[in-house]
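You will see chain A twice below: alongside chain B first, and alongside chain C after that.
Presenting the complex of A and B:
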C-alpha cells in the first residue's frame, strides 16, 4: 500500500513540476465552460441542473484523458527508466496502480475546480443537488475508465503520439458503442444479444444513467470492471516490454 | 516467445472477462440502485409496484412521443424524458406484464396516423405546422383502451398516479356500480316524484356526468337492509331520516371494504320543501349520525361556515354584495398535493358545515377542501328564512381559522352498531318505487362485522348543496337541445373522488411527487420584476390613450356633426396628444428592451465568471509557483557561489 502511495506522490509531483499540468487544467476548465454555455445552451434551457455541463464530458475526456495518459508509461519507456522503476523493491502492480491513481487524482482535481458552475446553479435556482453529486461521481468514474484505457496503450509503446492516437480511437469506440447509428450497423445481421451487449459496453449509456441521479450497481460494476481489466492489461503489456 | 503467448492469451481472457462480468451483472443486479434525486423520482412507490404485480394479464402501453420535434421545446423535452423513464421503470418491474413501446410519430408517417386514430392529440410546434405528439395508449388483452391524449407538464406531480391508474383500469376493466342513497331530489329534480309524474322530471346533471364512467343505481334510504353485492361505491347524500337498517347497511358496507362518499350538511338549501306549497321543514340538517363516535369525525351541527375570504358575489337589492354563506373555493382552498383536488378549479358550496376530528380518532384524515382563514361559524337560523346577505356581514368577525369542509378518511374502525343489526322495521314492505333491486330477504344476511377488515376509505363532504345543479351548472337551450354548461368544478370533484375511491388501496395511497422542472428563479424574478414595471408603464399608456381619446371625442363633439374642419387650436391639441402617444409607445419599447437587457447582462456576467475565472486563477497560481521556483533556483545558485 505504502509502495503505491509513494508512486502516486512521485507521479503527482511530476505533474506539477512542469507547466503541462496547469495548461491541461486551464484547457479543461475553458472547454467545459464553453461547451456548457455555448453548445449546451445552459441559459436557453432555463433549468437549474448541470445536464448541459455533464453531457459533454464524454467528448471532453475523449481527447483530454488520453493526453494525460499518454505520458504515464511512454515517457518512462523512452527515457529508459521503466526497468529502473520495475527493479525497485516494489511489486509491479504497485507501479501500475500508482501511476493510474495519480492520473485519476489529477483529473479529480481538475473536476473539483469546476465547482463554480455548481455554485452558479445553486444561486440561480434550486437544483437537485443529489443529482449533481451523482453527476460528478459518474463523470469521475468515466474519467477513470478512459484513463485506464489510455494507461494501457501508453504501456505498449514508447511513442506518446501513437499511445495518444490508439487510446483516442479505442475510447471513441467505447463512446459510440451505444449510439444508434453504430448499433444500426449491427442490427441487420448480428443476433439481438450481441447488439445489446455492444450497447451495454458504451461509456455514454452508463454515464447517462448516473447523471440522471440514479446510481445503479450495474453501472458501478461496469466502470469498475473497465478500470480493473484495463489495468491488468496494462500490467501485462508492461511486463511484456520488460522482455 | 512463450511469455508473449501467455500475455496474449491473458489479454484475450480479459476481453472475455469484460463481457462476462457485465452480462452477469446485468442479470444479477437488476434494480439494485440508489436514487439520489431529492424526491425519489426514479423510485417507484410501493403502490405502483403492487398494482403492477397484481396484474393478471399483459398490458401493452404505447407511448407516442415526438422526440425529435421535442428537442425544440425544452419544457416538453424535460418532461418527455421523465415520462419515458418512469414508464420504462414500470415496465422493468412488471415481469413482462407491462410491455412498453415508444413510437416517434414523425410527420406524415403511418405512426402519426396511428397516433391520431388512437386518440392521441397533436400540438403544432413548428411554423410548418408539424404536430408534436406526447400521449399514451394502453390496451389490455380484451382490447379495452385507456388513452392519455397529451401529457401536460403541469400535471407532473401526479404522473405516477395517472400512469398507475391507467394500468389499474386496464387490469380491472369492468364498469363499477355506484349506489346512491339520498334524501335529496337527485333522481327527479326539484319537483320531486310528483313533478316527475307531471312530466317535469329534471334529474341532477351530475348523474349524467357520473353515467359516463359508472353505472348508477338508486337505493331506498328508508328500507335498505343491505347494500347489494355488485355495488362497489356508495354515494350518500344528505343522510336525513335514514332508517336504522339503512344506516346499518352503510356501516356494514364500509366495514367490508366498500368505498363511500358521504355528503352531510348543517343546512340543506336544496332538500325538498314538500314541493306543493308546503313550508320548508325547520330542521334541514343532516350529520354523520351513528358514525360520529366510532370514526372520531364529526360535523358541527346547526352552524355553517361563513367565509368572507371565499364569499361569492350575489346580486341583492340592486347591488352586488358578498354572500358569506355561498362559497367559491378556488385553487388555494383545495388540497394541491393529491391528484383528486389538484388543479381542479373552483368548487361552489352553499352553507357548508365544519368537519372536526377527535384527537384519538381511529381515522386519519386528509383535508381536501378548506375555508379561508377568515372564516367563522354562524347559526343556520340566520339563513333559514329569506337570505339577507348584507345582514350577515354586520358584526362579521373571523374566528377559529380555516375550517375543513371536505376530507378523505382512512383507518381501521369498529362498527357503529356494536350490538348487531337493529330490529327490522315493519314499514319495510311498502318500499317505494325507488327500490330498484331485488328484496334483500332473498339472500341470507351475512354475519355482522364488528370491525373493519383492514383500513376503510371514506370521503366526507360537509355540504350536499354542491351536488345540485344551480350551484355548478347553467342549463342552456342550444338548437332546441338542453346543454349543461358547468360554471364550477363540482361535478369534476365528485367524479374524481369516485375515481379515487374506486382504485385499489395502493392507488389511493399514491401521493404527489412535485415538479422535476427547476427554473432559474433569479432570472424569473428579474423577468417578473421587469414585467411589473412594463405593466405599470403599459397601464399608464392605456390611461393616456383613454384620456387622449376622450379629449379628442370631446373636441369633436364641440364641433358637432357638421363635418367642419376642426378649429386650428383643437387640431393642434389633438396633434400634441398624438405626439404624446408616440412618445409613450417609444418609452414602452425601451422598457421591453431593458427587460431583456437585464437578463442578458446577468447571463453575460455569469458566463464570463464561469468560463474565465477559474482558468485565470489556475494560470496565476502556475505563474506564481514558476516565479517562486526560478527565484529559489537563483537563490540556490547564489548560495553555491558563496560557498565556493
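Presenting the complex of A and C:
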C-alpha cells in the first residue's frame, strides 16, 4: 500500500510540476461552463437540477481524460524510466494502480472545482441534492473508466500522441455503443441479446441511470469492472512491452 | 577474496528474442568485495544480462540469485538488496534532485531519521549539494549520472549493477565515479558494464568478456592481459648506426615469434620483439644487447594490453560473418 501512495504522490506532483495541470483545469472549467450554460440552456430550462451540466460530461471526458492519461506511461517509456520504476522493490501492480489513482485524483480535483455550479443551482432554486451527489459520483466513476482505457493505451507506446488518439477512438466507441443510431445498426437483424449487450457496454447508458439519481448496483459494477479490466490489460501491456 | 559468500549467482542464464539468442547460457558467481567488469562488443548481451539480474526482464531459461533471494521467486526481496543504474541513467526530468532522491528513499522504505541520514550521505558522496533544488532536466550530463548513482546506492545495497556508469563523463568526472566505485567495493558485489578498457584496469578486480551472449573470458585484468599476443613482448630502442640489421639477430633468439621495427626520426630504431606463447624473452634480449655492446636507450617488457585481448577474442565478428 505504501508503495502505491509513493507512486500516487510522485505522479500527482508530476502533473503540477508543469503547466499541464493548470491548463487542464482551466480548460475543463471553461468547457463545463460553456456546455452547461450555453449549449445546455441551464437557465432557460427553468429546472433546479444539474442535468444540463452532467449530460455533457461523457463528451468532455472523451478528449480531456485521454489527455490526462496519455503521459502516465508513455513519458516513462520515452525517458527510459520504466526500467528504473520497475526495478524498484515494488510490485508492478502498485505502479499501475498508483498511476491510475493519481490521474483519477487529479480529475477529482477538477470536478470538485465545479462546485460553484452546484452552489448556483442551490441559490436559484431547491434542487434534489441527493441526485446531484449521485451525478458527481457517476461522473467520477465514468472518468475512471475513461482513464483506465487511456492508461492502458499509454502503456503500449512511448508516443503520447498515439496513446491519445487510440484512447479517444476507444472511448468514443464506448460512448456511442448506447446511442440509438448505433443500436439501430444492430436491431432488425441481430438477436436481441447482442443488441442489449452492445447497449450495456455503453458508458452513457450507465452514466445516465446514475445521473437521474438511481444508483443501480449494476451500473456501479459496470464502471468498477471496466476500471479493473482495463488496468489488468494495462499491466499486461507494460509487461509485454519490456520484451 | 573469493572465499566470501556469493552475492550474485547465475546459472544457465539465457534470453531469446524470437529466434535470436541475446544471452546464451551464462554461468557467473560474484562474491562480496569484487568489482566485476562486464566487457563485450555492442550487442554482446551485457545490458540484457543486467536487465535480467535486476528483474526487469524475465529470463528464457536459467536462474539468478541475489544475496540468497531468487529473482524469479522473491523479486521484491532481491530488488531490495540491489541497486541499479540502468543504461543511460534514465531519470524523471521534471523532478528536482531532492524530490527524486526522496521518492526513491520512500519507495525503498527508508524512513524518518535514517532517510535524512542516508540522503545527506549520498548527496555528499556523489557531490550533489549544489543542485538539490534544480529540476533534473536542467542538469548537465555529469550531474545526471551522479543522480543516477545516488539513487542506486541510497539504500546501501549489497549488490550494485551499473550499466556504463561513466559513459559520457569527462575525464575528471570519470575519475570521481571510479573512486566512488572502489570505495564502495569493500563488502559489496559490484558489476559494471563498460567498453572502456582502461576503466576495467582502474576499478575492476575481475573482468568477464562476453560475446554473442556467451562468456568467452573470465579472470583478473592481469590474467586477461597475459592472453594478449603482446604479453611479455620486449621493446628495445638502439641507434640505427650500431644495430642496422638487428632484426635478424633478434629473430634468431630462442622463443621469439616475430620482430617489428619502427624507424624513429632521430636516428634510433625501435624494435618490438614478440615471443611465442608469451614466454619470457627479456633475458635473451638483454644478453644479446650485452654481447653486441649496443648503447640502449629503451628496454622494457610489455604487460600486454586489454584491448589486444578484447580484439583478439571478439574481433572474429566481421571476418567470421563475411565467410
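We take it that the second predicted complex is superposed on the first by the 242 of 243 C-alpha atoms of A that agree within 3 Å, B and C clash if a C-alpha of one lies under 4 Å from a C-alpha of the other, contacts with A are read in each partner's own complex, and residues count from 1 in each chain.
One rule holds in what follows: a contact is a pair of C-beta atoms (placed from the backbone, for glycine too) under 8 Å apart; a residue touches a chain by one contact, two chains touch by 3 or more.
Here the structure is a predicted model, which is why all the values come from computation and not from measurement.
On the superposed chain A, the positions of chain B and chain C stay apart, so the two partners fit side by side. Touch criterion met: A:114 reaches chain B, while chain C stays clear of it. Look at A:48: by the touch rule set out above, it reaches chain B but stays clear of chain C.
Of the two partner chains, chain B is the only one touched by A:217; chain C is not.
By the touch criterion defined above, A:190 reaches neither chain B nor chain C. Looking at the shared chain after the overlay, A:161 reaches neither chain B nor chain C. By the document's definition of touching, of the two partners only chain C reaches A:90; chain B does not. Looking at the shared chain after the overlay, A:169 reaches neither chain B nor chain C.
Counting residues of chain A touched by each partner, chain B versus chain C, the larger count belongs to B.
In the superposed model, A:6 makes contact with chain C only, not with chain B. No C-alpha atom of chain B lies closer than 6 Å to any C-alpha atom of chain C in the overlay. Taken together, the two complexes place no residue of chain A in contact with both chain B and chain C.
Here chain A touches chain C in the complex through residues 2-3, 6-7, 9-10, 13-14, 17-18, 79-81, 83-84, 86-91, 242-243, going by the rule given at the top. On the chain C side of its complex with chain A, the touching residues are 17, 51, 54-57, 76-77, 79-80, 82, 84, 86-88, 90-95, 99, 103-104, 106-109, 135, 151.
On the chain A side of its complex with chain B, the touching residues are 16, 19, 22, 25-26, 29-30, 33-34, 36-37, 43-49, 113-114, 116-117, 120, 123-131, 133-134, 197, 200-201, 212-218, 221-222, 225-226, 229, 232-233, 236-237, 239-240. Against chain A, the residues of chain B that register as touching in their complex are 3-4, 7, 10-11, 14, 17-19, 21-23, 25-26, 29-30, 32-39, 41-42, 74, 78, 85, 516-523, 603, 606-607, 609-615, 618-619, 621-622, 625-626.
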